[in-house]
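Presented sequentially are two complexes of chain A, the first with chain B as partner and the second with chain C.
Right, the complex of A and B next:
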């Protein structure tokens, strides 16, 4: 039971940016971190995985089934970088969380509200937050709503584009712990993009390093952090370690 | 014993409520709003409130000055015109005609404008750009000029005026809606809706319309003041409502012939048009400020 990406390839019409071919496997309940410099195609890869952007070649196989884009949208859910932007300012939390249910399930109105309440509690919010609007929620709460929206359809894979970048340290650790907890409970595979290599080392099982649209290195987190092979990886790791000098690279 | 609540009451104002709260705090907008309500109720309740019918001619009381003048009569509070018709009643019926036609104009052009504007905003590429440039060219011409041309083609009359001004106002609504929609389409919450599997119509209805409605109220009030001015201007030019129909602009034109003898016959309709437009503009401005205060937080 795993998400397998086969020779995924994308070429953008406008910028002629080429991504891939990328092949990677994410086991159930495992985390994959995607790191790389700016303009390396990380966000594009995330968008392709969730089906927001079409791929030009290759395929994505989920649980042994090559899934079409509609199925995939249900099973692979996304968290955006700025969670506050993903919440419609004129809709209450209830309506925001109801939308994926209306579009993808045949639940009745009461069942939907029940499920939304359950999900809110799961992400550490209260039932009362149903009636809140975006501007009444703090950054951390908005992040939780975004997370609730991502997990409400019980997806198999959660893709997050720099989910922690805009949060302050305490909320960041709260969110990380929450995601780790949910990953444990729901058996989610978690694919995330991050610039914070400390977090990557802390929670990722595997790491993929992207450079100019190519996956230059894929491997176990510890292996990559201890024995980086590619120049880009070395550069990223060195700059990270210059902040915490207790460990040196071993060749 | 006074009632008290043990727990601090939780109050979650909806975006609309919040807009209303900050609108209420601005006294000028509130005065404008009260003025607007007064004018509208005067117009709507004309059959109940007006002392006489607007077309009754009192041959024994021609060009009577308002009641506070020594020559005036209490029977005709704001005097009479050259045909002996009660000016107050005529004013009330005239604002009714002017206001309701302006409202019709705004509602129709809003409906059409939003539909086309949304389509234009959600489309990409050459279709959108052709539509956009065409409309921008149209918007460079003043609405009154377009309206006069249309009336020139269709002939004079109140109904033709309404059509003409509707057609002239539609590009403005399209423009505003198109800009707003195409700006919002790049937002993450639209992208998230798309990932939820929403069709373009569902995106419009479920995600865009709640945000759009407030912007439309503001744009609607602006269009309303334009419509009132244009309708009375066409009435004044004798292109709109024809003689027996009381209409503010037409009344102004009728009073012009004997303006030196009966200045109140042009001052009062002019004042009514002025108050209507002023009230609507103040309300529109207040709404815009309130909306900005809400969304910029």
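Right, the complex of A and C next:
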């Protein structure tokens, strides 16, 4: 079940910023990383993929999913960048996770609680966390709740804008491991924006390089890192490699 | 003699009628001309240390230390005035978010000119001094890699990008010709290109003007690319400190190892999409830190002794605090 993006195109009314046309395919269980400099249109592309911003042209097809927007909204979910403000402090974990279920499904109250408990366990939390509020959770646990909210509707595709940027190293590793595990178990496709090229190289199967709204290079991760073609890609990769100590490269 | 020398610094903060040890016997030294990284995740107390060094602690915080000296002067027992002079002239602190540190209503040029200490401005008449300030401002902007000095000087803080903003903060720090720059998480959230530029700039300043740098961050890739030595902090305790290359190659403390493992870029042997080694759980809140070694509940090597705080042990220039260090079993 692949996500196919055909000639996606968007022009902003206000700024006249043009994005696309972009065509790319993300297979089931695979990851696509979107990299590029600031103002390249990365976040806009993510918003279009999850249906938060409208297309001006082209289409997004997810095999096996009816293309009416409610079905698609369930199948392609966004995971928001973590900050301590992501979760509403006055809502319990149950309420936070129940909201997408009430809006998008016709499950009964008991069915909803059951599903919430299952999802909590999937992201490595406990049933008891149902009744917790934000201030009772550590950063890492809040991050897991954010992930739980993104996967509770059993999406086929998870989209994330800089999901790791604000995370501390150990929470970051835990989150990456969790996503890898979910990909493996649920066949989740993962599309993410990141400027941490170390992580991109480790978890992405394919990489798309955006520059001024155009996809200037798309390819397998290893190929892009070893043989970058476009100048923008070369620049990004070189500045990343200048950070890696030489002995690591030659080890 | 180290420039900054802190030994067994303890900081107690009152909380609901109790005193919480936000820092528990932290030691840190920075030598002249060196780049030292102070590494820790949020909740490690790294920013609190910066606050304590700069002397901006609220009156109800209790600071005690065996030693806390700046260039031989005891920072815990000097007059407020002397302290202010040191902070204005010798220690420069650059914060994470340039926009909040600048006055939004004043043009950047004026703000930099203003931060030049009077005694560095020579000239008998005010116009000579004004010209001097302008000259220093321009040359400092060039030093931090800003070519379009006029454009920047005539801008307001909201009109500039984070990368430029960070350079301006550095410029403002440099005009006083400090001996040390303390950079508190200066590259957080920056994209790689801007980040490398800032790191190169710090390294260059270190080399050409022999300013010492205390680089406070958890960005290991950034740290490893520039620091000579590092001190690792966990939950208010110093866990390990030493030369960068030794710590990276052979960390003795389980926490240092976990931190280094968290950067996939350091591991050429890691195969694609495999799970990263990670400690379970997260840093506890200061109100309920575990007794003894604070890593205890998360540490894969913890044993019964770990309920006692491990005292620092030293091999050459490498110090660690752990009852069961890695790599040293066979002794």
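Just so it is clear, the second predicted complex is superposed on the first by the 237 of 251 C-alpha atoms of A that agree within 3 Å, B and C clash if a C-alpha of one lies under 4 Å from a C-alpha of the other, contacts with A are read in each partner's own complex, and residues count from 1 in each chain.
Note that a residue touches a chain if its C-beta (ideal position, glycine included) is under 8 Å from a C-beta of that chain, and two chains touch if they have at least 3 such contacts.
Since we're looking at a predicted model, the values are computed, not measured.
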| item | value |
| --- | --- |
| Superposition on chain A - do chain B and chain C clash or fit | fit |
| Which superposed partner A:243 touches (first chain B, second chain C, both, neither) | second |
| Partner chain(s) touched by A:51 [first = chain B, second = chain C, both, neither] | first |
| Which superposed partner A:235 touches (first chain B, second chain C, both, neither) | second |
| Contacts of A:202 with chain B and chain C, given as first, second, both or neither | second |
| More chain A residues in contact - chain B or chain C | C |
| First, second, both or neither for A:88, with chain B first and chain C second | first |
| Chain B versus chain C as contact partner of A:131, first or second or both or neither | first |
| After superposition on chain A, the shortest CA separation from chain B to chain C (Å) | 11 |
| Footprint overlap on chain A, comparing chain B with chain C | none |
| Touching residues (chain side chain A, partner chain B) in the complex | 50-52, 70, 73-74, 77-78, 80, 82, 85-92, 99-100, 103-104, 128, 131-133, 135-136, 149 |
| Complex contact set, residues of chain A against chain C | 37-38, 138-141, 165-166, 168-174, 176-177, 180-181, 195, 197-199, 201-203, 205, 221-222, 235-236, 239-240, 242-245, 248-249, 251 |
| Chain A partner contacts - residues on chain C that touch it in the complex | 41-42, 161, 189-193, 195-196, 199, 218, 220-222, 224-225, 248, 258-259, 261-270, 272-285 |
| Chain A partner contacts - residues on chain B that touch it in the complex | 10, 12, 14-15, 187-189, 191-198, 202, 206-207, 210-211, 213-214, 294-295, 297 |
